[in-house]
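Each of the next two complexes has subunit A plus one other chain: subunit B in the first, subunit C in the second.
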Partner chain A sequence: MTTTAAARPTTAAGARPTPSTIQQWWVLTVRVIMPTLRNGEVVTQVAASVMFTVGFYIPLKHMMGMFAQSMSSYAQYLMPLIALQAIAFAAVSAAFRSATDSVQGIDRRFKSMPIASMTPLGARMSASMYRCSLALAVSLACGYVIGFRFYGPVAHTVGFCLGVLLIGAAMSFVGDMIGVASANPEATTHMTMLPQLIFGLMSAGVQPAERFPKWIQGFVRNQPVSQFVYALRALAGDSTPAAGAVTWPVIGPALAWVVAYAAAGIPLAIWVSRRRR
Partner chain B sequence: MSITSHDKRTITLDGLPEVGHTHARHRIHQQRKTGPKHRAVRPAAVESSPRHLVPHTWILTSRILRRWGRDPTSMAETLILPVALLTTLNVVLGDAISKVTGHSALYGTVPLVAMVAAMSGATVGGIGVMRERTDGLLSRLWVLPVHRASGLLSRLVADGLRIMMTTAVIMVTGLVLGLRFHQGILRTVAWFFVPTFFGVAFSAAVVTLALYSAKTIVVEASAIVWALLMFFSTGFVPLDQYPGWLQPAVRHQPMSYTIEAMRGLSLGGPVRTPLLAVLLWSAGIAAVCAIPMAIGYRRASMRG
Partner chain C sequence: MRNTDKAVFVAGLRKTFGDVVALRDISFQVVRGEVLGLLGPNGAGKTTTVDILSTLTRPDHGYAEVAGHDVMSDPAGVRRSIMLTGQQVALDDMLTGRENLVMFGRLQGLKKSHARSRATQLLDQFDLVQAADRAVSTYSGGMRRRIDIACGLVVRPEVVFLDEPTTGLDPRSRQSIWELVSDFKEAGIATLLTTQYLEEADTLSDRIIVIDHGTIIAEGTADELKARTGATYCEIVPRHLKDLPAVAQALGSLLPEHYRAALTTTSDRISMPAPDGPKTLLEALYHLNAAKIELLDIALRRPSLDEVFLTLTSEDSGDRYDARLAAEALR
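So, the complex of A and B:
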């Protein structure tokens, strides 16, 4: 609605600018990214990725390493989980950002301006992707330090990176929606670390699902983090065949979880956009 | 005339009418007695008297607690997520740790999660201070006859009470999972209060950070700090699982000391040394934060 009104040139020439959606998207993206460079958020983002690497690897290496001996090293075994934790942290901090925005009323201001209704969301999403890419790059660098390597062909390596970013995008989208819908930064803060730690520890990312007690194995094996880990582990490959093959039965469930997760955000998105009109 | 307007203002401020009222009356009383000459001096002397510190702090504390009570989402998160973490840690690591150490891993994991709950909840207080600064509540309190120290003190007292509440919930969860106290009632009561020391010191650090930085930094940095302390503490995995060069750092960090003190108070073992170390760590952090926190709070209150 607002787009058509904005795009149509008005009769009084020069009286009203014709904003370009691309340019608006870029301006709003930079608006979110620039402060992260100034106020030190980049540092916390990098620190978080490093922290997940050392925090899981060093304490658990001996204790859990012996349960994962079919793989060439525990680093190779743990890497998918480290990447997922780093990406989740990045995605949730983006959600916190949007909750803050919506509390401050900037969302409402944007709605009163000639900006297409999806542009602020698009800008927030691209800013989240910037955070996610940073988290992925740092965690891969950390992984290389502890001994992780890509063994598969280039296509699989690209698949690994795109897969992690896709998961990050889905989490950012849902987190963003929760942030806007709740408009309660205090409540969003708890989401930054604890839920992902709980799901991460309760997954096949730390130790094989068979190591868990019988009654919970079904949950552990099928929950999204485990399925992501299986898919990413297969894409990363290994010098032994224990990483699993890149086949539909391995990749499919992970993709299904991403789609399901993102789909869960859509009703929320519709509700949020209706509420403010 | 000025007195009536003052009176009106205090009554509109939610949660504080009583104090404002008595103060206004007190002032009228004072002015009648001493005459207009001391008008500027007297009230300042009254509101900063130590006699008022305790009641003022308590009113502001109950204000914060009431606010939490009316935000069920974050309240539930504060209580439920740590319980889920404790259950998870028990399922994932409990078996392996019990095999290595010979006794239940719960004696380390329950204190660990109690500390995680205490520290992760501190962010809510930090964000709360920032919200009140933006909303102008801090500057409103600053112009009222409220004891200057009560604003910050009430934050820390409220955090202490919150920590006791989460510790109680985690204690009950631990008891359900199989934690037992072998050292008598007195030591069990002491066990319950140990997380409060470092927890409140950490809250002071988060509030200090909140007064000097951006919102996102407060949330992320404090999450990173407590996660690091959690991963590298003797409650996560036993000390000998860490590489030799890292063991001194793991052994001497405040969270490990808290866990060791609590382990001693429940299972048995040395208590005095770790407890003393916890108190030293907490006092040290509080001492480092005290002055910047007071200056930052003053600045936040005067900025509007």
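So, the complex of A and C:
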């Protein structure tokens, strides 16, 4: 340690620079994205999508195929759930990341710096959108390999992609807030992983709601993942009319769930920002 | 805006968290180039004070100004002028030391090239060149603390808050942090240092404020405080625990009454003020020898923080005398 360590900043700083919010947002976004390329997060994301596709498609193809509402293939039937599981996984990563920031005290430090209070959250959300885009691309690639195709007009295909990203944004926001609130990365991962599994498996994404036991059909049909699946399936289309039509009764409930997710995250966000004030 | 020319100006701060009163009526000032030590045990209100001054918490009452900016009405101005290191190192563990430095530079508005050259400079100054391109998660405790502080110096702060900067560090790392604090002083930066260690406050601070239960119980230079505390302590350990009451008896008037009162069944030694240093020790030895009490150890030493508290709280007022602290001092 040299003895002039702190004395020198005097000369180096000169006039205090004025930080720009855009630059801060970008720096904080890159901060989250950069390690994902090194610490295996991207590889894990890809592997998770592949595993999910393989794990569901191969064993269930023959068993479920015949029940799949007479769609052209089980791949076509399963695709929405593959995409949803991939973005749910991205949301779990977002939750883990925000919990880590919270527990390591870097959030606290940012708050003591000239950074607008919403900038760190904005940056984490844009990093989440990067994860969701990656998740969407990987899951579509997996879907294509097992035989999924878009059958609808371009607008529907775009709608499918935007829909997945929108659901991803809502899930990541809630996940992020849970992470910040809990400040415990391990617990957060468990807390967010479990609903992903339960809602994913107990959904119309794997098999039609009618194939579930009677007493649980109501839940299966109306829970958010199934509603997302119905909407995305209609947007993806099929060579048969069995995918459903792109109508308000099909798309509306999914959009309502997205709004509900965001609405659940906002009180959490307010609570977190008021904490200790 | 600027009401005083003090780097830190605090008047009548009060803060409660639910039922817990964290601060009651805290007032002090720090001038440029001064190191003020805020000394107190866990839960005394040190971190709450730092949190208020670094705009992380709002006070319920009172006024505080940092580098000329009111913490309530101009938090942005405060944030532009300070550096805060918390009790916990606050960095991005997944980034390298260099990346962290560049990030903090960029967050404070430096251009990329300037942030990079500044990072290189700081890595050199903080003796972290070899570890520069390793993830911070692989750093030792001392290295983490150094890079943590370095990240706060990318742009020169006017006021530095160091909240227990050496807790959990080995002596060598502690030494290097101490050197750093004396550099702040030379650079004309005002430093507010919180610590649980009297030795640390003693070595680094120009002035010390002793804080307990959210109240300032003493203020002065290290020498002034020590003079009030009694410069030296004598610690006596009998070979047999059961002899402890006999030791207390044999010491007679050498052992002040409230120290005697604080003895418990779990005590294994007696600490007492040694106002005359070696002479007090000799006297104690003489009495104990006469009482034929076998000793394991007897030594003179500097007062511990507990003893500073014991003395300060007991001289402050009789009712405020806290037997629990005394018991800890005698442990």
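Following the convention adopted for this analysis, the second predicted complex is superposed on the first by the 256 of 277 C-alpha atoms of A that agree within 3 Å, B and C clash if a C-alpha of one lies under 4 Å from a C-alpha of the other, contacts with A are read in each partner's own complex, and residues count from 1 in each chain.
Heads up, the rule we're going with is that a residue touches a chain if its C-beta (ideal position, glycine included) is under 8 Å from a C-beta of that chain, and two chains touch if they have at least 3 such contacts.
The structure presented is a predicted model; accordingly, all values stated were derived computationally and were not measured.
In the overlay built on the shared chain, the residue A:Pro35 is in contact with subunit B and with subunit C.
Of the two partner chains placed by superposition, A:Ser133 touches none, neither subunit B nor subunit C.
Using the contact criterion defined above for the overlaid structures, shared-chain residue A:Ser273 touches neither subunit B nor subunit C, since it reaches no partner. By the document's definition of touching, of the two partners only subunit C reaches A:Gly105; subunit B does not. Once the two complexes are overlaid on the shared chain, A:Ile115 sits against subunit C while remaining clear of subunit B.
When both complexes are overlaid on chain A, the residue A:Thr157 reaches neither subunit B nor subunit C. For the contact definition in use here, the residues of subunit A common to its subunit B contact set and its subunit C contact set are 35, 39, 100. Interface of subunit B with subunit A (complex): residues 71, 73-74, 77-78, 81-82, 84-85, 88-89, 91-93, 95-97, 100, 116, 120, 123-124, 127-128, 131, 213-217, 219-221, 223-224, 226-228, 230-232, 236-237, 241-243, 246. Of all residues in subunit A, those touching subunit C in their complex are 1-10, 12-13, 16-20, 23-24, 27-28, 31, 34-35, 38-39, 100, 104-106, 108-115, 276-277.
Of all the residues in subunit A, the ones that touch subunit B in their complex are 35-36, 39-41, 44-45, 47-48, 51, 54-56, 58-60, 62-64, 89, 93, 96-97, 100, 182, 184-187, 189-195, 197-198, 201-202, 206-207, 212-213, 216.
Subunit C makes touch with subunit A in their complex at residues 51, 54-58, 76, 79-80, 82, 84, 86, 88-95, 99, 103, 106-110, 118, 121, 124-127, 146, 153-156, 176, 179-180, 183-184, 186-189.
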